[in-house]
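Below, chain A partners chain B and then partners chain C, in two separate complexes.
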Partner chain A sequence: MSTSQTPVLSIKDLFIEFETPDGAVKAVNGINLDLFKGEVLGIVGESGSGKSQSWMATLGLLAENATTSGEVTFDGENLLTLPPKALNPIRGNRIAMVFQDPMTSLNPYLTIETQMVEALRIHNKRMSKPDARKRCVEMLDRVAIPAADKRLKQFPHELSGGMRQRVMIALALLNDPEVLIADEPTTALDVTIQAEILDILLDLQRERGMAVVFITHDLGVVAEICSRVCVMYAGRLAEIGPVQDVFTDARHPYTLSLLKATPRAAQSQAAQSDDALYAIPGAPPNMRMPPPGCPFEPRCACADAHCREQVPALEPLQGSETRLKACFREGSSAALLEALVHER
Partner chain B sequence: MSYALQRFGQMLVIVIIALLAVFSTQRLAPGGPFDGERPPPPKILENLRAYYDMDLSMPAQFYTYLFGMAGREIGDNGKPGKAHWFVVPSNAEITTLGGTNDRSTAEGVFVRQFCPWDQWLGQVIPGAREQLREQGTVFRKCGVVRGDFGLSMARRSIYVNDYVRDGLPATLKYAIPSLLFALLLGVPMGFYAAYRQNKPADFFMITIGMFGTVVPNLVMAPLLIFLFAVQLDSVFHWLFVETLEWVELGRRQRTLNWIPSGKTGGVMHYVLPTLVLGTGLLGRIVRLSRAGALEALRSNYVRTARAKGLPAHVILLRHVFKPAILPVLTYMGPVTAFILTGSLVIERAFSLPGLGRQFIAAATDRDYTLLMGTTVILLLAIILLNFIVDLLYTWLDPRIRRGGGRS
Partner chain C sequence: MSDRDTILSVENLSVHFRLGGGVFSRASIVRAVENVSFALQRGETLSIVGESGSGKSTLARAVLRLVAITKGSVILNGENLAQLSNNEVRKRRQNMQMVFQDPIASLSPRRTVEQIIAEPLMVHQPELSGEERSAKVRDTMDAIGLLPDMRNRYPHEFSGGQAQRIGIARALIVEPTLLVADEPVSALDVSIQAQVLNLLSDIKRQRSLSLLFISHDLSVVQHVSDRLLVLYLGHVMEVGAAKDIYANPQHPYTKALLSAVPTIDFSANKPKRTRLTGELPSPTVEHVGCPFASRCPMAQAICNEQKPQLNTVEGRDVACHFPG
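Now for the complex of A and B:
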């Protein structure tokens, strides 16, 4: 992926804050990221690191108590400030999202047909109901739902979790979006179905050349399907780069710890070096009072006084256009690993 | 099917328990329907007590109240209030107009001319029952199970059934409009408030709703009479009669009386009662529909709907309406009780006929039969409404509809 290409969607200085009775939660703290046409971008990070919220913000789907700042540019417009009237033709049409929780993301009171047909017809005003229905059946077939015709008539509670997740994917793909944001689309499923759905998703992605944002905890899946990966920690980006590079030569201590904690990422040297399952010591910072320095500093084996005082900026690695990291510490992955192992 | 049967069984048990409770408490309480300031002579009292089965033991009384008694079937010549016959068992003691005691020799018909009840005007005519049948006289069935609530005890010339027949429609005439008023106004208000949560519109809706609910009907009625029937009337009078001279008053008319403060008549007579009762219901309905809509609006499926690019009104109508209306539906049971207590005040304040008025009268007069009758009607109304709510529920919620039982 060359950076000379213009991005389909670009996020600049995105901040998200949630107003709560116990104070403001600073969920996302300055994200800069470009999404290119036809790429599959993996987003990884611990639970609560702001993966879902930062992408929901692009579609204006944050909770009422959220305030955002920054820019999300899509087709020359800032999605964050677009009024609903102008945003609606984009949502579900040019940018679609598959949500994390398939069990509750479909309306239990409406049939699958109603929920799919409305998504089509709101963006294609002249499409007739039978045509819309036909398209829905095609799409359900495409995500390998058997007896699609019958399924359309059913209510969500009559479908299994895997079926609902497929319906969610079919729903998102109905209008041939340019960007698909898939938020842990397979987490709720067992491994065989997971692989099947990933295959379907990748097929469709290649067929249509859409950009896919794939949010997940599963580094193995990222290694398999993503071209680039972006590691998030405490509402910030820790590291971005092509998957192979990042996984074989991680430059941020957090990425390294994450790889080390994941036995399935077989290619990573971190996992090879230590057979015992590794857990990152400590817990993510309280997002109501983030530390003044690097957010990973309290858990980092390589940190020094400098890390405690100043937040490292996301900067390109020396001699690389495609890789960026937010860490003061220079040096190869091996050197970082040394420090990590030493600490244990 | 078995579910319906089960529900029916439940309803039956509830009705019987409620009947038993009202029946026994009113009879166990000191005093009775016939001991007013001037109690009737002992002989008449005895007749009265016998007629109402009060000479029987309590369990027997309850039995005859429910199922009637073979010998006490009441006949009706079809013209209420004129003459009534009832079959007496053979060898029953009857006091006639002359104050003499008579004894029926065979099963016959005791003819009683209305009123006055207290004089047992009539005689036993053996074989008259068959004769009357041939003439086409319909014998009124007796006992609650056969739909007869018996004769009122305070006004002994009127059947409780007739009270109900007249009173229930009179009550429904303002109860149904006020319910519709509260629903048609309250639900959109609640939805809009939820949509604009914590904005001025939200607080405005809640405040209006709560005002109606917090101010008791007893206060709201005179307040609205003053505002509409008095003040607005004089404004109308000044505007249309004196200034614009569009309307001319009739010869004996002193006010326009467009929004009358009471009595029955045209549609306008029901405006104020409907407003008083309707505003009383409004607050609850606003709050319930607001809470329901808020929950739905925060749900993941509404987030999905927004992600589809649906405009707000489609989301509200298609995705939020059904789940948000469910809490309002559940409230429809208690609504019946609210309307009853409200009707006690409304019928007084606006001089309207209706069940509420009879309910009060029955309670103060110790009119056992009337009180039982109105209670049963009310119970049936509550049960019926709950049943309808259940049906609507299963219709609205597919998880109940297809799943069979409810989980």
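Now for the complex of A and C:
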């Protein structure tokens, strides 16, 4: 993304803490990130990296024990401080979200029609029911649901997992949002169904020029659909950049470790399956007591004393406008790889 | 495999379940596994892959006789398990152990790690003294990368990856010849998943263990398998050396499945995706023709009329009228 573009949504110094009986969990620790029009931004990270929570915060969907600080700017307003009344015309309308489990996000007592028509009419008070219904059928057609008319009359349990997730996408896109946040939308699905849904999602994204935030732990999915990727670890951004650059020439040891820990199933790479995977030693830090320095330092093959004491800032790579990383270590992906191999 | 030592041989295995059936309705029959045959050699890993509802877990459970076998035989170390009584099967379980998907849920929350890992010994080797048992638990924990100091802790104190190691230690303590792992890494994060996969391949090599590996993740499967069995609606579609199948799948279903896997591949000659439309048909229908015909891009009239038999194509077995 060029710097001249203005972002649709912009996150500044976002911190999120959860108050628990065992102390405060520092889930997100200072995120700065811009989302641009028409891009598909992949957010990757492991469980507990804060990848979902940072986006739940933008829509005011955090649990009650959460406190936030920082700014999320959308159309000139800070979403973090907007009262629900002012937030409601935005969420589900101009910014929509699709969650991982369609069974728990659809209401089991209401038909698909009731839920879709409600989503439309809550934001368009003057739309008549027949008009709304027509729009729902169009939208279901668009996500390749056969016999949309009949499906509208059904309840969520009558649909398969793949169909339910299509309904969720149709529901999210009814109001033509400028931003779609998709949180692991295909993780619970079989690969064949996943492939179909990703195709549909990408088609719709291109057609409408909306910005999509795709949260996932699957690096393969990111490589296939995203234009930019943002790698998170322990509530911080480790690395950001265009997907191909980051995946072929990772500059943060965590990104590289993650890539080396992922089994690959490309037909062209059939030969590589004999190597042992790189197993990142240890486990992610306890976010009640994050380490004082770089959060990845305890597991990092390239760390030194400096990393233990100071948190590296997210800074642009030398000579690059599009790539940033939070690591003191300079040098190419190949040099980092040597450190990993040496450790093993 | 140089060692042609067959540990497990499954022949024409079928597992059917009755579904429903009350005063006013007739029961339907779910054909979860239909006429499946395969063999597993010593020290070999055979992976079973397929979509949800393909019968892969049922097949694995039938091999251990954790579900009733409707038809066919399961021959472990020369003995047909299908013909043994429940009591006799229980004794054979020493040779065949299982690792489950959800590491925390498969461990009893009220027992210490030592009690959990020692339990199979209480059943299968009751003659051991308490001290001998403890020594075995310590040795197994050590071999699996768990610190023996952890033996008095409870499952909730462990992360997913460590809990899965406890599950593996529990399975290995009775030194089985066959280990069945049902989605053992699906619940784990990538970095932890790699630790567990490397562990499984190490112990398999050290103990020349035979592994039946069930997974929906085709990247993981490619990494661990010697041989591959592709299942669709309980039917074998393709079975053979994993390398051959990944490099050059012959069954249209295998092709579609492999091409749907998202990959980190930015090269221009990346293989094109075969799109599958529609979803898995109901498993209660008995198929006259090929069970995959309704979704197959290559299907012809004969596919709906005649069930294809397994035939050798390019060094592996394929059930298709039009392979290649």
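Rule of thumb we're sticking to: the second predicted complex is superposed on the first by the 334 of 344 C-alpha atoms of A that agree within 3 Å, B and C clash if a C-alpha of one lies under 4 Å from a C-alpha of the other, contacts with A are read in each partner's own complex, and residues count from 1 in each chain.
In this section, contacts are C-beta pairs under 8 Å (C-beta built on N, C-alpha and C of every residue); 3 or more make two chains touch, one makes a residue touch a chain.
The shown structure was predicted, so the numbers you read here are calculated from the model rather than taken from an experiment.
When both complexes are overlaid on chain A, the residue A:H123 reaches chain B alone and has no touch with chain C. Residue contacts after overlaying the shared chain place A:E46 against chain C, while chain B stays out of touching range. In the superposed model, A:T262 lies in contact with chain C only, and not with chain B. By the touch criterion defined above, A:A334 lies against neither chain B nor chain C after alignment on the C-alpha atoms of chain A.
Of the two partner chains, chain B is the only one that A:L110 touches; chain C does not reach it. After superposition on the shared chain, chain A has more residues touched by C, the comparison being chain B against chain C. In the overlay built on the shared chain, the residue A:M289 is in contact with neither chain B nor chain C.
Of the two partner chains placed by superposition, only chain B is touched by A:M97; chain C is not. Taken together, the chain C residues at the contact with chain A in this complex read 51-52, 159, 161, 189-195, 197-198, 201, 216-223, 242-243, 246-247, 256-267, 269-271, 273, 275-277, 279.
Within the complex formed with chain A, the chain B residues making contact are 197, 298-312, 314, 318-319, 322-323, 396-399, 402-403.
Remark: chain A residues 46-47, 160-163, 190-196, 198-199, 217-221, 223-224, 244, 247-248, 257-259, 261-270, 273, 276-280, 283 touch chain C in the complex.
Chain A meets chain B in the complex at residues 59-61, 63-64, 84, 87-93, 96-97, 99, 101, 104-111, 114-115, 118-119, 122-123, 155, 157-158, 168, 171.
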